[in-house]
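Listed after this line are the structures, all set down as structure tokens.
Shared between the two complexes below is subunit A, which has subunit B as its partner in the first and subunit C in the second.
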Partner chain A sequence: MNLSNMAFEGLFAYNTLVVMIGTAAVGFAAGMVGSLGVLRKRALVSDAAAHVTLAGVATVFALTGKRDLPVLLAGALCAAIVGVAVLVFLKRFTRTRDDAVTAIVLSVGFGAGIAIVAGMTARGVPGSAGLEHFLLGHTAALTSGDAALLAIVSVVSVSVVAMLFKEVSLIAFDQSFAAATGWPVAFLDYLLVVLVAVMVVVGLPAAGAVLVTALVVIPPVAARQWTDRLVVMLMVAGLIGMVSAVGGVALSAIVPRLATGPVIVLFAAVIFFVSCLVAPKRGLLARVARSLRSQGIADEHG
Partner chain B sequence: MSMGELFSEVGPIHGWAMATAALVSVGAAAVGSMLVVRKMSLLGDAISHAVLPGIVVAVLAGGQPGGPLVILGAIVAALLTVWLTHVLRRGVGLAEDASTGVVFTTFFSIGVILLTSVASQVDLDPACVLYGILELVPFDTVTLYGCEIPRSFLNSLVVVGIVGLGLIVSWRLQVFVAFDLAGARAAGMPVALATIVLLLFTAMTVVAGFEAVGAILIVAMLVVPAAAAELLVHRMHHVVCMAVMLAVTGSIVGYLAAWHLNTNAAGMIAVVLGFEYALAVVFAPADGFVSDLMSVAWLRWRVACEDQLAMIWRFEESAGVRRVTPPKGLIDCVARQWLAVTGQIRSKNGQWRLDSYSRTKAESIVRSHRLWEAWLGRHADLPLDHLHPPAEFIEHHLGSRLLRQIEDDLGQERRDPHGSDIPPEQ
Partner chain C sequence: MTASAAPPLIEFHDVTAAYGRRPVLWNVDLTISEPCLFGVVGPNGAGKSTLLKAALGLVPLVGGNVRLFGEPLRNVRKRVGYVPQRETVDWDFPVSVMDVVLMGTYSQVGWFRWPGRRERQLAKDCLERVGLADLARRQIGRLSGGQQQRVFLARALAQQADIYLLDEPMAGVDARSQEQILHVLSELRNAGKLVIVVHHDLRTVREWFDAVALIDRRLVAAGATHETLSRENVQRTYSGVVDILDEVGHAVERRSRTS
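Then we have the complex of A and B:
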């Protein structure tokens, strides 16, 4: 039996399939929710939230001693929400510029997470070394129960977006109009931020704290190349997220020692750059063709 | 434990590690101050992630970690990042944060994949990429003039020297560009060059910090001390000096804390820097929460005292027709007691009287009140009963120059619209 045979047996093992389905759901939901986040110009807020999650995961593990995924992710979500709250507070009440505030929350939160994890590892707390998998993503250790949880949360988030589609698209495009017509803009805005935070958290096992922001940023900007309609953009972003997630999980299952996160990001990035090239209307090729054509017309008439 | 004991306990191993961290943080704080005032903090973040593939490729090509080839690789990667971000913004039309997010995650992923697929040939640890191995820095030494000096320290020394010198030489240009981009352009300054030089310095600092504190925590050293310093002082060279001091303090305190708590030094340094920033947010002399609260409280107190004085002045002016009402809120109550205790007002036969000093003060308040009413009455086309409330609000904030201007504007008129005399200037 050669290496590739073994790899493919590993790939189609029951557990890997379940994990792949769970991660695919996460990829779809993250692409969809991320589209709204990107349209609201919140791309790097998700990055700050993502880096802070590590501190939440580590704190919950230190307090409970459990490595159950639901518990750890609950901690991650709390940390992400606290991180975003601190971000909003500092932007609102200090003179520090918005971009610096993002960088401060991101780096200090991540430093706190690293310090807690390293402290536990140094004390030989059993299982604490495994927390490093949350840095760059590692799906091999997920159980089918974990995957089911990720899938359920993703389905719920997608349903929320579907139910509130009119409202969230309104605040994504025209906040002042939404406010003037009496929509609860602040509430919807917070809801959107929480949804993005939830996506960051469920994306954590697959993509890791450092790279999970790519799951909510790259598929949306890739999808944007293909369409001007929001519904289509959400669907395409979801599909791109799904394809990247499945590709990442599969490839990291075949190649030993390869972290899942970077592979997922690379899949998404390739799709993005291809989209920039070949997309109709907005793509580079289409634009070159258009300018050549108009050049031709100009020559004819010149 | 005295300082001497502390340092003898620290010993040369920890001393070298701390010195390296402090050195890196000095360079980072200086460059970071420029990045922060130019709103390029997130570019620093992006660069610190994106240099990874450049470093890995350079190491694969035979470069020493922290050596010139690796610095070159990192600079190429950093410039590529900035260029790609620019292309995505201008060419593809992405928002700035989205384009940054796409580029640095992609670059970092490429770096990690390169690192894990060829790690056996590379003298780089994937963990070190994220949070550094400051603790191991003292063990990789070179011998220089008979001294064993950590290689990382020497590399950082060279980098920080170049960056520091470069910043000093290009100081005026950098400050001009940072605070008045359009002006610098109009004055024919090499704006693009200044930006590229700043990016080069950022890339070099990031590489120097890479080994010691890792890709993400170097962001803390770049941005956090600079942001804290900006809250504390306001001149640009003060900001840089303050940022450097905060960075060095944070590095040493963070390292010692990590050592005592037995945890990762780079992580603790980031936490301590964050703590310094939090202290600055709360206690900064001009912009901190405490000073904000105090100035609001002081203003409310002054207004309460001035209102009391003005009320008693009007009572005296009207020869007892108007009445001095009992204080309404707590602050009014305390203000009247304070004025009485300090002798600025006295109660005579159950009637409040001003002394000469407080009469002057009260008169100037009433003067600005009535001048404002008169001005509003002339220019604002408001009904008579709408003149008092705005004047009651603004009377505490009008300067003597503005009052004189209003007086000139009113000409010979020396009465307010209600018919009361406007007191002359004291």
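Then we have the complex of A and C:
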């Protein structure tokens, strides 16, 4: 009783509420941007970028010794973009296949990140232990200033998507038609990848480098089950991302020592699973019902 | 021709194109001056699609150049309509038939803005012309192959172009859809447009197309269909492997006529 009282006080503390609002914005933006990324078949690229961010966070910390979130996230974004650039470069000049190149960038970037963090912790660099929070996500330590930053970046990203929705969805659907009608496909493609990378980076504090991809990939795939319309899919994906993010933050605020990322992923996974099961047209149950019905008709005529 | 005569609609000058180090088109020289229904014919891997892509600037040229209306492509891009091969897109994409056709108006609409009432009306008219007006709201994955090809055709119509380039618009299409597509293409020709179609069925080429180019990495022959599509030229294009099915088709046709 006493414990749960404490938990609820913790949950409704001012700071927790602000962090929850910030994370909600991140979840919404990640679902929305992620929808276009997934439709452009960039899910694995986002995972590689996510793992590489750890190297960026660790490097910036090693160089500056500061643990200010904006600085660390700037490092994460640089690392993500360098990672994607390396990926594109390797693909073009080594003639290695997509999936192999993606796996290489992901593991090397992540390995480098872990090595730098371990090196600093071993030397007892003050504050370096806190970097582990970027592995699995940890929102309890966020300040309301941090949360505001995350929210602002999310709002800006959503605005860019809203402005360029027509252009980006065109290249996602039909690249050759877009190019033939004069749209700068390469530029729009980079823009989309950068947007996804930004989402991965702002998702980092909540979900961590290992799990943040889930925030960009699972809500869109779940949302696709419910609708055949792109705009609706983006909105539903945003809502699912938001619910998962808020759920993760709330639960990890109540349960001591529970990292935020895993809870967010589990929330998203449950929504995904339910969507695949009960969605009206594409859901498993609906399809089973349809095939039973058509069998029934076949029997009547047989 | 006098100096004041309009420039040719499309000119390929010594066009050579390659993917990596593998050349797919060699020194193709081809000029089309009059609006017509023009077929591009040749075996698989002969570079037919690449010829269209060269005209659209979608493949880098190793040599030569393409001019449309006497100008480089960038000046006249909005006057060129395109139907890519159907397999190049993901038909499970969450868009409706109407959404896809509206994409044809995007380059007119321009950056940041949305298609308005006028564009929606245009898209509706284009769907009407290909006989899909009643399926406007359907998701594109829930269409037959022929209907999907007609959606792509409607999207090209919405571009309101003067030259249309179509890559296998009748591949995997039922007879009714094929007839409908050929009718729309003939209408375009009659309205003074140049319609260039990559196509593989020599029989429909003979029946419907005004002119034809036979391609096997290089240009084998080009000109009016009845002169160009000779047995000898076809044989040269397909390297001696005559399109057996086509021959069988003709034999059957002759027999059914005599009996």
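Structure notes:
Note that the second predicted complex is superposed on the first by the 301 of 302 C-alpha atoms of A that agree within 3 Å, B and C clash if a C-alpha of one lies under 4 Å from a C-alpha of the other, contacts with A are read in each partner's own complex, and residues count from 1 in each chain.
The definition used in the following text is that a contact is a pair of C-beta atoms (placed from the backbone, for glycine too) under 8 Å apart; a residue touches a chain by one contact, two chains touch by 3 or more.
This one's a predicted model, so the numbers in the text were calculated from it and none came from an experiment.
Counted by residues of subunit A touched, the larger count belongs to B, out of subunit B and subunit C. Legend: residue contacts after superposition of the two complexes on their common chain; A:Thr139 is shown touching neither subunit B nor subunit C.
When the shared chain is aligned, no partner comes close enough to touch A:Thr53: not subunit B, not subunit C. After overlaying the two complexes on the shared chain, residue contacts for A:Thr213 are found with subunit B alone; subunit C is out of touch. In the superposition on chain A, A:Val38 makes contact with subunit B only, not with subunit C.
Touch criterion not met for A:Thr260: it reaches neither subunit B nor subunit C. After overlaying the two complexes on the shared chain, residue contacts for A:Gly182 are found with subunit C alone; subunit B is out of touch.
Once the two complexes are laid over each other on the shared chain, residue contacts for A:Thr23 go to neither subunit B nor subunit C.
Looking at the shared chain after the overlay, A:Ser154 reaches neither subunit B nor subunit C.
Shared interface residues of subunit A, touching subunit B in one complex and subunit C in the other, are 224.
Of all residues in subunit A, those touching subunit C in their complex are 39, 163-164, 166-167, 169-170, 172-177, 179-183, 224, 227-230, 233. Across the interface of their complex, subunit A is touched by residues 53, 56-58, 74, 77-78, 80, 82, 84, 88-90, 93-96, 99-100, 103, 106-107, 109, 111-112, 114, 139, 155, 159 of subunit C. Per the touch definition, subunit A reaches subunit B in the complex via residues 38, 41-44, 47, 51, 90, 93-97, 99-104, 106-108, 110-119, 122-123, 132, 135-136, 210-211, 213-214, 217-218, 220-221, 224-225, 255, 257-259, 261-263, 265-266, 269, 272, 276, 282, 284.
Looking at the complex, you find that subunit B touches subunit A at residues 36, 39-42, 44-45, 49, 91-95, 97-102, 105-106, 108-110, 112-113, 116-117, 126-127, 130-131, 216-217, 219-220, 222-224, 226-227, 230-231, 258, 261-264, 266-271, 273-274, 277, 281, 287, 289.
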